[in-house]
Each structure stands twice: as C-alpha cells, then as structure tokens.
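Structures incoming, each one as structure tokens.
Look for subunit A in each of the two complexes below; its partner is subunit B in the first and subunit C in the second.
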Partner chain A sequence: MTFKLVIRRLVFLVLVIWAASTIVFFIPRLSSRNALRERFGELARTGGFSPEDLEKIIANMNQQFGLDQPLLTQYWHYLGNIVRLDFGYSLYRYPSTVSDLIAQSLPWTIGLLLVTTILSFVIGNLLGAISAWPRAPGWLRGFATPFILLTGVPPVIMGILLLFFIGFRLKWLPLGGAYSVGVVPTWTWVFFFDLMRHQILPALALIFGSVGGWVLSMRGMGITIQGEDYVNFAEHKGLTAGRIFRDYYVRNAMLPQVTGFALALGTVVTSAIIVEGLFGLPGIGTMLNLAIRSNDFPTIYGIVLFITIAVAVLMTVVEFILPLLDPRIRHS
Partner chain B sequence: MSTVALSPPVEKSIERPGSLVLFLRYLRRNKGLALGVIILLALVAFTVIGLLTVNTKNAYPLSVALKKPPSWKYPFGTDFFGRDLLAAMVVGMWQTAFIGVLAGGLGTLIGVFLGFISAYFGRWIDGSIRTICQILTPIPVLLIQVVIAGSLDKRDVTIVTMALIVVLLAWMGPTLVIRAQVLTMKERQFVAVAKLSGVSDLGIIFKEILPCLLPFIAAAFVAQVFVAVFASFYLAVLGLGPLREPLLGNIIWAAQSQGAFFNGWWWWPIIPSIAMILILGSLALINMGLDELANPRVRRSE
Partner chain C sequence: MNVTLMQSAMESSTPMHALRAATADPVLRVRNLEVTYYTDSGRAKALDNVSFTLNSGEKLGMVGESGSGKSTMALAMMRMIKPPGRIEGGQVIVGDTDLMSLDQEGMRKARLSKIAYIPQGAMNSLNPVMRIGAQMVDAVKSHLPGEPKAAIEARCRRALQSVDLDASVFRMYAHELSGGMKQRVCIAIGILLDPHVIIADEPTSALDVVTQRQVMETIDNVQKQINAAVILIGHDMGLMAQFVDKVAVMYAGRLVEMSTVREMFTDPKHPYARALISSLPSLENKGVFQGIPGLAPSLLRLPSGCAFHPRCSSAMAMCGTTRPEPRILPGGRSVTCHLYDGEASHG
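Presenting the complex of A and B:
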C-alpha cells in the first residue's frame, strides 16, 4: 500500500467522523425539544421552585455551556470537543461527564463484542467453507444448514428465543442482569462464574444471530473459487486435501470476507448494543437504554458519536490490515 | 388431371403460457422464492382476515383482561396493559407492512432517481453523489436514527414519521446498486444505437434502460423493505417508537421493561418475536430468490 493511499484513507476517516458529528449536532437543534428546559421543568415540579427561578436557572445554564452564543461558534466549539472525545455532561447524572460514563461501561461491551465477533466470524467462515467444499463428508457439510436458516433472525429476537427456551423453560441460565441478586461484587471465583453465567445467553444470541451471514457469504466465495485453475493445479500436483483446503481454498476465499467484515462492523456493534440492553448487562447498550428512558440527550448523542467514531476507526484499521493478508495489494 | 385440393396443413398451435403460469413454473425451480412468497401470502391473509374479524380496539391498552395466558378466548394471550395480543398482532403486522412498504418504496424511488442521475450524467454529479454515499455508508445508520427519533417530540412520533426517519438514511444502498447497473447498461449497443438515432436522454432512460432494470429495482425494493422493517423494529425495541401503537418492537420493549420472563408472562415477548421472524424470514427468502432471478449468474450450486 502506498503512502498516498494511506493518506487518502485517513482523510476519508476524518470526513466520516465530521459528517456524523455534523448530523448529530444539527438534528437536535432542528427539533422543538429543549433538553435543559425539560429536565429543569421536571425538577421544578418535584422540587418546588418558581417559574421565574426556572427561567433564571436556564439562562444561567445556557450561558455556562455557551448555548447563548451564535450557532456557528457553538458548532466550532463542539467540533473541538469531539476531537478531544469530550461529549459534555450527562443530564441525569450531572457531575459525571458522558465520556466518564462511557469509559465505565465500555470494558463490558468490548469483552462481549470481542468474544462473540471472533467466534462467529471463525465459526461462520469455517462452516461456510466446509459446506461448499465438495470433498468434505456429508454430515460435516450439513452443519451449516441450521445456521443458514437462522440468517434472517435478528440477534435481539434470537436473544428472546434463548431466554424463553434456556432461561425460562429449562431454567439453566439466568434471565438477565449483570449478576445474581444478592451477590456482592468481589474478586472471587464464585462471583466471576456468576458473572460469566449471565454473559452466556447474550453471547449465544449474538453468535447465532450473525454466524449465518458469514456462512452464506463464505459459501458463495468457496463455490466460485473451486472452479479456479490454481485449485485444479494443486489437485493435480497431488497435494493433500487438507493443504489445498487451507492454503489454496480458504486463504483466497477469506480476503473478500475480511473486507465484508469491515463493512459489517456497524451492524455488529449496533446488534451487540441492543442485545446488551435486552439482557440488562452493564455496558454501552444498557447505558443507551437508560439514557433514552430518562431523556438524557447529551448521553444519547455522546454514545452515538463515540460508537460511530469507533466503528469508522476500526474499519480503517481493518483496511490497513488487508495488505498484510493479500500480497497483491501489498505489491501494487 | 384433377388437382388435388391440398388441405392447409394443420398448424399445431404453440401457445405461450400466460405469465402467471410461467411465474408459477419459475417458483417450482426457485424454491426459496416460493417459500418466501407463501409465508408472505400467509401473513397478508392473517392480517387481512384479522382486520376484518378482530376488534382492532383491543390492540390498545386497557381493553381486555390483564396478563391472561393463551387460551381459547385469547389465542395469543393478553399483556400487562390489557391488550389482546391477537388484535395487537393484526394491527402491528399491518403497521409494520405500512412502514416497510412506505419506507422501502420511498428509499427505492430516491435510489433509482439518484442512481440514474449519477450513472447517466457522470462527471461531477456522479462524483458528488458517490462520495456522499461512501461517507454515509460506514456510519451505523441505526444510531443516527436513534438521534433523530430521540430528538422528536413524543407526540410527533407516529407510524409515518417512523417510516420517514428510516428513509432519511436508507437510500444509499439502492443508489449504488442502480448506479452500477445503469453504468453497465449504458455501454450496451442498444443504448448506443438509440443515442445515434437521436432519442433524447429521457427517452433513453425511460424506454431503453428502465425496462431492463426492472428486476433489479424489484430486488432493491424488497431489500429496502427488509431494511426498513428491521430498522423500525430496532428503534421500537429501544423504546423510540410510537409508544401507544402495538408495533411489534414496541410490544417487545414493553414486555422487557416489565420483566415479562421474570414474572412468567412468556407469551408476551414470544408472540411478536415469532411474527417478526416470519416477516423478516419471508423477506430474506424473497430477496435471495429475486437476486437469482435478476442475476442468474449467482445461481447456487446444489
């Protein structure tokens, strides 16, 4: 990959982040809702201060956060804050900033995402490759079929089905939450296993919900590659089936899959977040759910922007990894 | 010599079967498409018969007994808020279809329009449309939709606004697909011939290229409906839908907020989930089947 291409990718990355930030800045300002007014109106009803005080407080707040300045000045400040990953304060947990809240829940989400994404990518590609490989035994090829049938089912619904069958009917695993009620979070194995038990169903929901897609695309790639001359050549050279499968067949079919992975990142992350919310796991998803329920706008916008930036950066990283896998890109 | 009157040879008429027969025959070969169409027709029948026979008022809170498991009287049970889930499914299915078709149709229309302009006129128009699509594609669309839906006043969130929110960020896919197709179409000889014979730009677009693109547009439309149903479902599951309406995602959101599984009301989230699986499954099958119809080269090897 040439230097020029790297620069072009980076400029594109900046453009994507700028576009997302701009959309998130202007959309709420087109709306008639005023987050501050809603929040303090609510406080006024419960706390009992007069409407004049309310106006004063709002004016004060507007000044403090620069909301009384012209739109363009605000926009400029906002872009500066985004560069520093500063998304402002949470309305509901006021002294904490949105970045702090994200930092607290991020490790949970990353853990779940990393495990499920790697597992579903590996399992999906392997099953897809095998199901299209004519020399694989029939029973092995059949493994892919149930996953293909599940392709259309979103991970959230998969989560509900798993909750019903495994959590509710069989009572094997908990119905949600981060850890069992009454258990005190401590650094013990007991607590660790309890924690993991609560992660199994969400993880399965995400894996079952996304394996099918990888199986289908890998299967398609595998079918086109089988007819290629180099595969025939390898066969005529008398290479073992395992060697052909690994070095000639999967190796080449994998390349478009990695590109596909970069494109699917956005969907992967959003599904994980929604599944997290469904199971009430600690993490970005539950944080987003709570923020939506409590009209905590800065937190909603902060989460959205953070994830968008993370996805765009990850995509760029995957694209930079691609030349390491594909010598054709490396040498062109 | 008497001439033998030659009877005219009996012409064996070869009738081309009607298009319906041809379509049915094609369905026999394309099993996935057939299954998808059958499920979709069953869902449409369920909705239509339901709308005619079931009291749709029962789909709204406080209209029937609370928290009743499925029984003869309430085949799908009732929920915590006193909704009859059978009525809720009927109305919810109809609303989902409405959002899907409205958002899918609008998205496809915008996509076809932009795709044509982009590919046909080229140069800077193509460049700018393509760049905008490329910049918007990596952004997780659902999250931006969360921002839009969250910024709206709760009273403004209706079935129609849901569809519009979805459309706002879901036209890039069809635009790129149609653009690519028009680009290949443009180089074909029949278009060159039409151009040389002085057919106007509009004439070429509507009379020469558009008819050839119909299968692709149909496939793009089904894909868009899928995207729209999916996106509006996720928004509703997050609690951003029109909360009073019995939209499938709303029901799941409500069930989850009330801890339906913890309290043993299993039918509450399960019924809308099954409905959603059927809807998305049939759309996915039809989509894959249409891909094969539009592009026979991607035929599966069985």
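Presenting the complex of A and C:
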C-alpha cells in the first residue's frame, strides 16, 4: 500500500520535472531573438573583430552548443544534460557553467530561506494555535495580533522600512551585503558573527512577511479543532493542559498547515529574489536578477528549471511526511 | 423493614443494591446543583436546584427531552461547563470530596480517577492521529505519573479486555475501528482508573440496535467489575429500562421525578413522567401513538410556577403560581409536583 504510494509520487515527480524542462527548452526557441548573436553583436560593437569574424564565431558557437543540430536531437541531448544537472554554459560569464553559478549562489539562498521559512512556520503556527486556545492567558494570545497586521505589508516594503529605521537611522545593523566589505570569508567566529549580523534584516523582512499568514490559517484551524469531541474528551480524561494542547489540539490543527507549507515553498523563492536584491545578498535571486539584465538566457533557464525541480522535490518530501503525521492518509 | 431487606439480600444478589440504597454510604451526593447560561437574549437556567444521591453499584438512567438539562448535568458534575455557562452553586460530593471545592489541578486529578465521563464515542471522541494505546496511556500517566510503563500498559490491556476488545486494538487508530468498537474504547478509557462514578452521555446514540445492546451490556459488565455508580443519559426509555435500577426524569432543568425503574414504569408519579411512559409504543395498543401535547419551554422564558403546568393534564390553580419543591414520598422516591404535597413524608 505505502510502497505503491511512494512509487506513484516519484513517477509524478519525474513527470513534473520533465514537463518543466520541456517548457523551459521550447519557450526560448519560439522567440525570434538569438542570444548568441546579441551577445557577440554587443562585443563586436565595442570593437575587436570584423562582421565576417562575427559570423564565423557564431557558426563556431552554434556548433559548440549543438544549435546546428535538428530540434529533436537538441531536445534529446538537453534532456540527457538535465538528468546530469548540466544546464549548459553561461553566456555572460562564459566559460562558467550555469551549474557552477548555481552552486556558488545556492548556499546563501538556502541558508537564508531554510532558516526563515522554518522559523516563520514554527512561530506562526505556535502563535496561531495559542491565539485560538481559550485557556491561554490573554497577554500571550495578544502576541499574534501585530503579526496578523503585518501580513498586509509586502516583503519589499518591509525590507525598505527595516533598512531605513534599523539600518540607516539607528545604525544597529549593516545596510546590505552578505558580509562587511574587506572581510575575507574564513571559518572563524568573527566572520560568522559578521555574516549573521548581515543576515538579520533580510531574515526579519522575510519572517515578518510570512508569519501572519501562518497565524491566520492556524488560528482558523485551531478554532475548529478545539470544538472537536476528542479535545473535550481529553479534558474529561483529566489530561494536563499542556498535553491536550500538544497532542490533541496542535497535532490535529497542524495537518492542513503541512500541506500549506508545501504550497508556500513555491512563493518563498519569489520573495527571496526581491529580498536578496534589496539587501545585496549573493544568492540565487541576485544571480537570476543579473542574468535577466544581461540577457544571459542559459542562466535564466537553468535557474528557473533548478528552482522548479527543487520545489517539486521538496513538495514530494512534504507529501511523504504527511502520511507519517496523519494515519488516515496511509490507507487511502 | 430492615429485616425483610436483609432476608431478600441473602436470597439473591440482585436486590443487594436495594439494600445498599437503604443502608450503605452513598458514593455520589449531588446537592442543589445550579447552572446558568448567560446568553445575549437573557439568562437561561439550565440546571435548577438538582439534588440526588447514588450508592456504589447503582445504575441511574437519566431521561428527558432535548434541552431538559441532562447533558448540562453531566458536564456540571465533571465541572466542564464552558462559558457562557456557569455553575452557580451546589455540591457534587464523590465519596467524601466535594468536587466544587477543588482547585483546577485538584479537579483535573479527580476527573477519570474519581468521576469518569464516557462520551458518545461512536463519532469523534478519539484523537484520529494517535494510536488507541497512546490515548489510554496518556490518561493513566496524567494521574499516576510514577507508574512504570509496563504496569500502565498492563492496566490498559486489562481495560480493553474487560470491554471485550482484542489486545490488538491497542496498536490501532480510531478510523480502523467500527462505531461499536470506538464506543467500547471510550468505555475502556472511562474505567482505566476504577472511578467511583461513571457518567455515560448517550453512549448508544449513532449506533445500530444490535450494537446498542452490546454496548449497554459492556457498560453493565464493567460497572459490576468495579462496582461504580453509573449515570446513564439517553432518550431510549426501552433500552434503559433493561439496564438501570433507577430512573430520573428531567424537565426544563429540574429533576421532576426519581424512582426505581419498576416504580417508574408501573406507577409513574409526576404527570410528565406519566406522559413519557404512556407515550412509549406498546404491543397492546398498536397504532395508537400518544405524544405529549405542547412543546418543551424555552429556558429563557420559563412558565411561572411549575414549568410543566401549561402542558399538564392535572394542573391545578396553584401550579401556575407556586413552584413545587422536590418531595420524598414514602418508599424513597422523589417527586417535584404539587399533586403530592400532602403525601410527602418530610420534604
């Protein structure tokens, strides 16, 4: 039963990745723009070689990138490359490969996103659960309110406000960058603290933007669950309030939230692009931003495809976690 | 009188309860229990001056229309009345502890260990994401924190056994059980700590008739094992008649009559109880279906005097003005009706 489910999910995952890579492959080929021509035309304009040389270079490049092959052959090669996570060369930073660029910027993004997404999920759900729990003290329940208000503020505005007040006015935290100018990354505590100081504001911008959403949905679930018979019966059994809260109330209210978490993963990337740009962090978002501005098509497609694969894989992982949390899913 | 009771007690074991009723110390004494719901449209007195006494081993059936206060009564005894409801006064004495005088923590400990509540478990009373065993173990742990794990598990398995459930249920989830099995699990949880009093709130609704009977027999068996006093709440007079010793009839938040089951079915005293009994379909008068005229009154606007007087066939002039108080008739039954003002032994 469970085995069949795993296989079905994995097949589905492969299909999603295949569909995404196919779209990413064909969309640029529908366009009339030629990335190579534009890139080398630009170089030719700044001088260095004649138009005939340009044609030769482009022909050479077309051959090297396999663009002179029939479309289906190209597609077949491309799929083979995807399997090896080879997204080709960056035009702008040739001969760096797109995979290299992703590998360079990925740790920054993962570090920030993983921590903030998990933190806001935990904080938001806890606050939401408490705010709907009738036996929680009033002052504790009130904690949720400011976060609910902040839900309406987009991360950009939040980031700008934080930068202005905490970074610029109060000068408590740096205005941008991943670490201080002139500092060489090393495995020391000094560098680590410098790094962390630079991550606080972007992290706060992301957390403030997303906690409220979790608070609201968890609060809604909590209000439903606390009226359930099993929560009442738990109290009749004489369980301590803490145990009822944890095992009967939160444990059940959490279930739809985990699905929500999987869905939120997709939007997390979007806010990362904005926040990384705002704070000048060297992550995937900044890399994508740069690639778009410099017409670096292979990098754009590589990053988009990579993000799609990453989100699809994470969603599948969450789907595998769900049956562990809810035994009723295991049997359907 | 005591001599005859003694003799009958020696002859068979069944009237033993009757003997206890007369002599033994009562295990449950409810005194002047009052509950009010503070709603937007006014105060609703859901429980009005309810008093009764139960001995260990006794089974009391509590009947009445919806909204008559049966469930409120059960919740009040567990001190689980939630706002806007409030327990206004009274005592619920189990053994020699007045539950109303306990603090929050004391009441938490009293639940399940002194007084247990068995919900209508067929639907939704078990946590869907925890194994049945875990839901039994956590109940025991909350009351006996020092108990070793093996002893707790043994206790849980014993409880499952006494409700005729297989030991494998311990490892199962609620959705893997049938309605009747879920109800038995709830009963098993209720008896985990051998409580003195068990309240079963409509334990058989939402079950089919065959399962209803099995569940009732289960309750009957476990209460014999631990000799607890049982309060059975329900609408089904017929089912109840087969299992309980005493019947209490509630109307508009008051206990209008409490008699032994035989007295109640052969000679009901209160006009409402009489109407209830005669509304039961019987084999003799097939096709003739007798209801009770009128509707149950709203608790927000109770009729003056006796709340039942507008529907009562034997109403007198004073019923509309003076509220009757509960009276003990000779023989020990309690009636709240002006018809018996003269007969009361000592009110």
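Here, the second predicted complex is superposed on the first by the 323 of 332 C-alpha atoms of A that agree within 3 Å, B and C clash if a C-alpha of one lies under 4 Å from a C-alpha of the other, contacts with A are read in each partner's own complex, and residues count from 1 in each chain.
The rule is simple: a residue touches a chain if its C-beta (ideal position, glycine included) is under 8 Å from a C-beta of that chain, and two chains touch if they have at least 3 such contacts.
Note that the structure is predicted; figures quoted are calculated from it, not measured.
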Requested in this report: Specify the partner with more touching residues on subunit A, choosing between subunit B and subunit C.
Outcome: B
Query raised in the report: After superposition on the shared chain, which partner residues are touched by A:G111: those of subunit B (first), subunit C (second), both, or neither?
Result: neither
Report task. Quick one: classify A:P256 as touching subunit B (first), subunit C (second), both or neither. Result -> neither
**Report entry** First (subunit B), second (subunit C), both or neither touched by A:I223
**Finding:** first
Requested in this report: Return first, second, both or neither, reflecting whether A:G88 touches subunit B, subunit C, both chains, or no partner chain.
Outcome: neither
Requested in this report: Classify the contacts of A:L163 with the two partner chains as first (subunit B alone), second (subunit C alone), both, or neither.
Outcome: first
Query raised in the report: In the superposed arrangement, does A:P323 touch subunit B (first), subunit C (second), both or neither?
Result: neither
Query raised in the report: What residues on subunit A touch subunit C, complex-wise?
Result: 134, 228-230, 232-240, 243, 247-248, 251-252, 255, 325-328, 331
Report summary line: Seen from subunit A, its contact residues with subunit B in the complex are 12, 15-16, 19-20, 23-24, 27-28, 30-33, 132, 151-154, 156-157, 160-161, 163-164, 167-168, 175-176, 220, 223, 263, 266-267, 269-270, 274, 277-278, 288-289, 292-293, 297, 300-301, 303-304, 307-308, 311-312, 315
Requested in this report: Give every residue of subunit C touching subunit A within the complex, in rising order.
Outcome: 78, 80, 82, 108-113, 116-117, 119-121, 123-130, 138-139, 142-143, 173, 175-176, 186, 189
Query raised in the report: Considering the complex alone, what residue numbers of subunit B touch subunit A?
Result: 134-144, 146-148, 150-153, 230, 233-234, 237-240, 252, 256, 261-262, 266, 269-270, 273, 276-277, 280-281, 283-285, 298, 300-301
